[in-house]
Structure formats: structure tokens, C-alpha cells
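Dumping the structure here so I can ask a few things about it.
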Amino acid sequence: MATLGLVEYSEASAEVRAVYDDIMTTRQTDWINNFWKALANDPATLRRTWESVKQIMAPGALDPLTKELIYVAVSASNQCPYCIASHTASARKAGMSDAMFAELMAVVGMANETNRLASGYQVEIDERFRGAK
Amino acid sequence: MATLGLVEYSEASAEVRAVYDDIMTTRQTDWINNFWKALANDPATLRRTWESVKQIMAPGALDPLTKELIYVAVSASNQCPYCIASHTASARKAGMSDAMFAELMAVVGMANETNRLASGYQVEIDERFRGAK
Amino acid sequence: MATLGLVEYSEASAEVRAVYDDIMTTRQTDWINNFWKALANDPATLRRTWESVKQIMAPGALDPLTKELIYVAVSASNQCPYCIASHTASARKAGMSDAMFAELMAVVGMANETNRLASGYQVEIDERFRGAK
Amino acid sequence: MATLGLVEYSEASAEVRAVYDDIMTTRQTDWINNFWKALANDPATLRRTWESVKQIMAPGALDPLTKELIYVAVSASNQCPYCIASHTASARKAGMSDAMFAELMAVVGMANETNRLASGYQVEIDERFRGAK
Amino acid sequence: MATLGLVEYSEASAEVRAVYDDIMTTRQTDWINNFWKALANDPATLRRTWESVKQIMAPGALDPLTKELIYVAVSASNQCPYCIASHTASARKAGMSDAMFAELMAVVGMANETNRLASGYQVEIDERFRGAK
Amino acid sequence: MATLGLVEYSEASAEVRAVYDDIMTTRQTDWINNFWKALANDPATLRRTWESVKQIMAPGALDPLTKELIYVAVSASNQCPYCIASHTASARKAGMSDAMFAELMAVVGMANETNRLASGYQVEIDERFRGAK
């Protein structure tokens, strides 16, 4: 159970409903997932988080699918079950194939391995990488 | 200083040199970065890690740039300075623009934020996400 | 199921019961939560952990509510479901309101975001912060 | 060196300067720390991040000192050197004494310890904590 | 449910069956745990991961029990429920007693505590440790 | 620089000196590393942490070398530079060979990889592992 309960549309304030409506319109869907219903206990955080997500995940220099893949990569590294489940679904919707998912996981696994090898071996950053832009 | 020192090409065994040569050929570069020189203290790990990285980062369902972006995303989430520096350089080489880097960081930051909101609010996984394939 | 089973009061040794009694007295409660019942498989760790928690969480320069908020913040960052659940309950008991919880989560989320932005952008520590005391 | 260099006030665009000015006014200080100068390479992220931080760290149900303590707690758990340095300085400015800092660290250390004990022992969440609000 | 479903032996390709057979032979067991059945959706990752695990966990300078203890230590630090459960079982099979498990957890908890104390206090690495080999 | 400065023996209180003396006697060494000098700003935490470390790292069901290997494993997973450096030195002193270090790192790297594969693939815990004791 979410710590503060879930705010359903039918019981939501006008302020919360406005965010829910924008989520459904932007995502072209007819339902709100639990994450937003939990945040709705704090309308300021609900609005700020949604506005940020909406801005960040919009098409730009990176396409929406790439952004969702990155989101899943971070969520898997952080071991966040909710985020892995919800963003895997989002990535699917954005076009992630089984093969893409498999390669994504392979890269995430490998990066987590070499991150610790680099730290454990106390490898110093190469001079050539120091100014890498 | 790396925990076991760095193995330079000139002092490397034939086994290690073979891996160094393959790294330089595959990456079309003429130098070996410190990560591999540290791993070379353990030739079995050097070879296995390089073979895995080579296989995983090759073009497939995901292109090399996308894979490097994912690598940077994981490294930034894990706060691994060496890996952030080296894979930011690799991503640059694979075509990452300033705008792409900025969007990558924005997604990584946001994912790390919402991962903790989902956990902290103890949000249950939606039924619709449970079987997400 | 806890890895080693849970040690109930009725089956506990005198040494374990002494710790259980002190927990209930200190916390002014009549039950022992699963965490301690699991640790009781190792009486030395049970005693040391409880003595440390008791000392650390006592009123001092920081009040008990602030300490519980910090505990929840760490647990949410680490994505530890048990600890989030138990310390959210403790914080409630210590006086955390819904509004405080919402602000706590907002700060935790933001800190997790900016931690990765700082790392990912490889930001150097400002000279003025180096000697910050 | 920050990945994309630091944007100094003298070379900043009007958009970036407006954020810098607001930071200095809000914080009653006359300088900008490196974090913001790095983010300024991406004005949209600079603005969004600052607006979020400003909103979240303002006095509310929790006072500014408590919020800074929470920020340090998260940063120490995540092992983010930049964030520990900068937010320790902010917490000092907000009134954190040596004794408060010491207690903060003790709680952070303890929480990180018990988080792993709870996970490692595979402790199930107590029924009484499940609906904790 | 695993993201891509579980590949049972009866429905597996010859390539996957060959890995399953090797797992059962090497581990002297007659079943395959879910981790491998999930990876089997990506035969290349299944094979590479198994070959790596087989090589790394074989007796060497460290005995198999010590390696399993290390595996559990990492999994508990990372708060990975699946890995804690599966490698605790493996460690049991390799000879881990209740007392060993309890001491393992005590060390893991302590290390997680002092890691954050070292970071939070911004402790500089001693000169004597810098060249530690 | 450590956040609160380092407390040298010559300037330490009798309470702090007693802990320093016990550290040097127990470890059969003639110096105190920076970690303890930083904690000495908070004598209560210094004493509690040292007493806990002394108790936990003493020979028991696990020998001191195994315990140091576990400490390094956790520190490398957490990416704590100070702890990696100091406990690699401690492990060396306890008898860790180059070959042991290399195998330790290989296991740590692999565990970090498979932890994320298990999470990312959302693998359910096998029934046989649920009651693993």
C-alpha cells in the first residue's frame, strides 16, 4: 500500500485532476498509474514532477525511445522494482523490441560490472579523458 | 595509483598484448586506457572483460551511440568517476553532441529522483505493469 | 521468510529477552518488529545493533523526529523496502505529519537528482567548499 | 574539469544570468558555485533544476536546516563528493553545529548498516507496518 | 513475472539446452533457477553470463565458499532480493553455517556504515594507503 | 580536508587517546589512519565505531582475511574510495595475495552485473529459495 494511499480521479481536487488530464492527453492513454496517484497527496510535488518529466521526456536531441531505454537503465541499476516495471512498459510502448531490451540489459549489466572493477582496482582517470567534452 | 600498478604494452606478456592489440584494432585507436592496463594484472579477467565488452557494445538492435549513452547513464547513477570520464569520451567519439549529453543527464537525474519517490511512497506496481513484456 | 527464521519472545534465550525487554521499554511499546526477531539469531549482533541504535537515536543536538526523517531519507535512497516501512512508522510516531512526509520525499528526490547531475557533469568541488567545516 | 566547461557570469546569456541573479538573491550570496555553472551549458535544465530546488528547499512543514541535513544524508549515502561538500557548507550556513553534524553522520551510518541487515536477513515487512500512514 | 517470461527446458532451443545442461552438470543439480530461464530469452547473454560465472566461481586462489560469501555481501549491499535469496542458498550448499552467515552480515552492515562515515566526513586517503598493493 | 579536521594524538583528549591506543595495540601498528582521526571529533561515535569494528572483525566462524575480503567487496560495490584504499591495505596485511585480489574483483564485478540482470528482467524468486536457511 502506498504510504499515503492513492488519490483516485473521482476524489481528486481540481488541481490534481488538471495534472491527471494532462498526463492522459500527453501520453494518449485513459488511465493514471499508481505513481502519480501516490504523488497526488502532495499536489505541488505532483505538478512539479509531472512538468519536469513531460519536459525531459519530450522528443529533442534524443528520441523518446532512447530516453525510455535510459530510464530503464537507471532504474535497473538502482534496483527500483516499480520504476523497472513502469518504464519497461513505457519503453515497449515507445517501440522497444525484445532484442532491444536484451541488449539494453546486457549493457546495463556490463556497465555495473566494469564500474566496480574500475573502482576496486583504483584506476586513475587517464589524462586524455580529463578534459573530455 | 591503480591497486596493482598498470601493465604497459612494452612489459606485457604475449597474452596481454594480444588483447591490447584487439582493443586498438576494434576501437581504431593507438592507445590503451588505464582500465585495461589495470585489469592486465589478471589476464583471465582482462580477456573475459574485453571479450564481453566487445560483444555487448557491437552494433545490434541498438546502435553503438545508444549503447554508450546507456553506459554513461549507469556510470553516473553509480557515481563512478573513472567510468563517467571514459564513457563520456567514448560517447563523444560515437557521435554524442552537447545537446544529447545535456538531455542524457536530464533523464538520468529525473530517473534517479522518481526512483526514490516511488520507493519512498511505497507505490505498488500496477496490475497492468505486472506482465509487461 | 527471514533467512534464519524469526526468534519469538516465548522461545528466546534470556540474553535475547533482555534486549527485547529493553527495546519495548525504551520505545514504550508492547511488541517486537521482525528486524530484531531476525537479528536475534545472532545475539551478539542483536545486542550491538540495538545498543548502537538506542544511543544514536536518543535526543541530542538533533531531536528524535529529525533523526527519524534522516533514517527514512537514507532508506528511500537505498531502496530498502523494510526500512522505509518501519522507519516511516517510527517517524509517524515521533510526530511526522503528512506535510512533513511530502516535503521529506521532495528533498530526497531532488538530492538524488542533483547528486547524479553533479557526478555526470564531472563538477569539481569549489575552492570555497574544500575546507567547509 | 566539468564535462562541458563552466559558464561564468561574464560570458553567460541573459537567460542564464537571470537564473544566476535569482540564485544569488535567494541565497543572499555574491557568487555562483560550480554546479550551476556546469548546468548552465543546458539553460533549460539550469532553470528547471533551480526552480525545483528553490521551491523544495524553501521553509515549509520542515525548516531549511532540517532540509539541508536530509540533503547531506542522501549525498553521503550516495557517496557524491561534490554534493557532500556543497550541502555540508549549506547546512553550516543554515545553522548546523559540530554536534549536529556528528549526530547526522551517526544516523546516516547506522541507517546504512541496518538497511543491509534487513535486506541480507530477508526480513519480511511486519503486518503492522504495511498500512503505515 | 519475469519481463520476457521464463524459458523452460522443454521449450528451449538446442543452444539454450546446452547451457542448461552445463549448469546442471557443473552444479550437480537437477533443476534450473529462474535467473537463467529469464536470461534464456537472449541466448547470447545466457551463454556469456554462464561462462563468466562458471569461470569466476571455480576454485582458485579463493575457495568456492569464500566466493559465495562475497557474492552475498555484494547482493546485500545492492539490496537485490533475488540475488540475496539465490546466493544465500548457494553459500549454504558450499558450506556456510549459521554462524558464518551471521558474521558475514555483521561485516556487510559495518562496511556499509563506515563507507558513509568516511564519505560524509570527507576523509582524505592516507599517504600510506595510496600505493597499497 | 576532512569536514571537521583531523584530531592528532598530541592534541587528543584522554578519552580519544584511549581509543587510539587500543586501535594501535589491537592492530599491532604505530599509527592511526585518517578515518579514526576524523571520527575523533565525535568521541562517542569514535568509541562505538571502534568497539563494533573490533568485535566484528575479530576471528570467529570466519577468519580475519575473509572478513577483510568482504569489506573490500562492499566498499568496491559502494564506490567508496577511502574504504577501498584502507581495506585493500588491511586485506594485504591479513594475507591477501595478488591472485586473491584479482579473484575478489572478478566476483565483485560479476555479482554487480548479475544483480542488475536479475532486477532488470524482473526475475521472481524461486520457490526453492524462499525458505533458504
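Order as written gives the chain letters A, B, C, D, E and F; numbering starts at 1 within each chain.
Following the convention adopted for this analysis, contacts are C-beta pairs under 8 Å (C-beta built on N, C-alpha and C of every residue); 3 or more make two chains touch, one makes a residue touch a chain.
Owing to the predicted nature of the structure, the values given are computational and were not obtained by experimental measurement.
Listed here as common contacts of subunit E and subunit F: A, B, C, D. Annotation: the subunit C:subunit E pair of sequence copies touches via predominantly different residues, less than half of the used numbers being shared.
Looking at which of C-F and A-F shares more C-beta pairs in contact, the answer is the pair A-F. Of all chains, the one whose mean C-alpha position sits at the greatest distance from that of subunit C is B.
Centre-to-centre separation of subunit C and subunit D, using mean CA positions: 20 Å. Measuring from the averaged C-alpha position of subunit B to that of subunit F gives a distance of 27 Å. Among the residues of subunit D, those touching two or more other chains are numbered 1, 3-4, 41, 44-45, 49, 52, 77-81, 85, 88, 98, 102, 104-106, 108-110, 112-115, 117, 119-122, 130, 132-133. Those residues of subunit B lying in contact with subunit E across their complex are 1, 3-5, 44, 48, 52, 55, 130-133.
Residue ranges on subunit B touching subunit F, taken from their complex, read 3-4, 41-42, 44-45, 49, 78-80.
Per the touch definition, subunit B reaches subunit A in the complex via residues 1-4, 31, 33-35, 38-39, 41, 45, 49, 52-53, 56-57, 60-62, 66-67, 69-71, 73-75, 77-78, 80-83, 85-89, 92, 97-100, 102-104, 106-108, 110-126, 128-130, 132-133. The touching residues of subunit D, when paired with subunit E in their complex, are 72, 76-77, 79, 81, 84-85, 88, 104-105, 108-110, 112-117, 119-122.
Interface residues of subunit D facing subunit F in the complex, by the touch rule stated above, are 79, 88, 98, 101-102, 105-106, 109.
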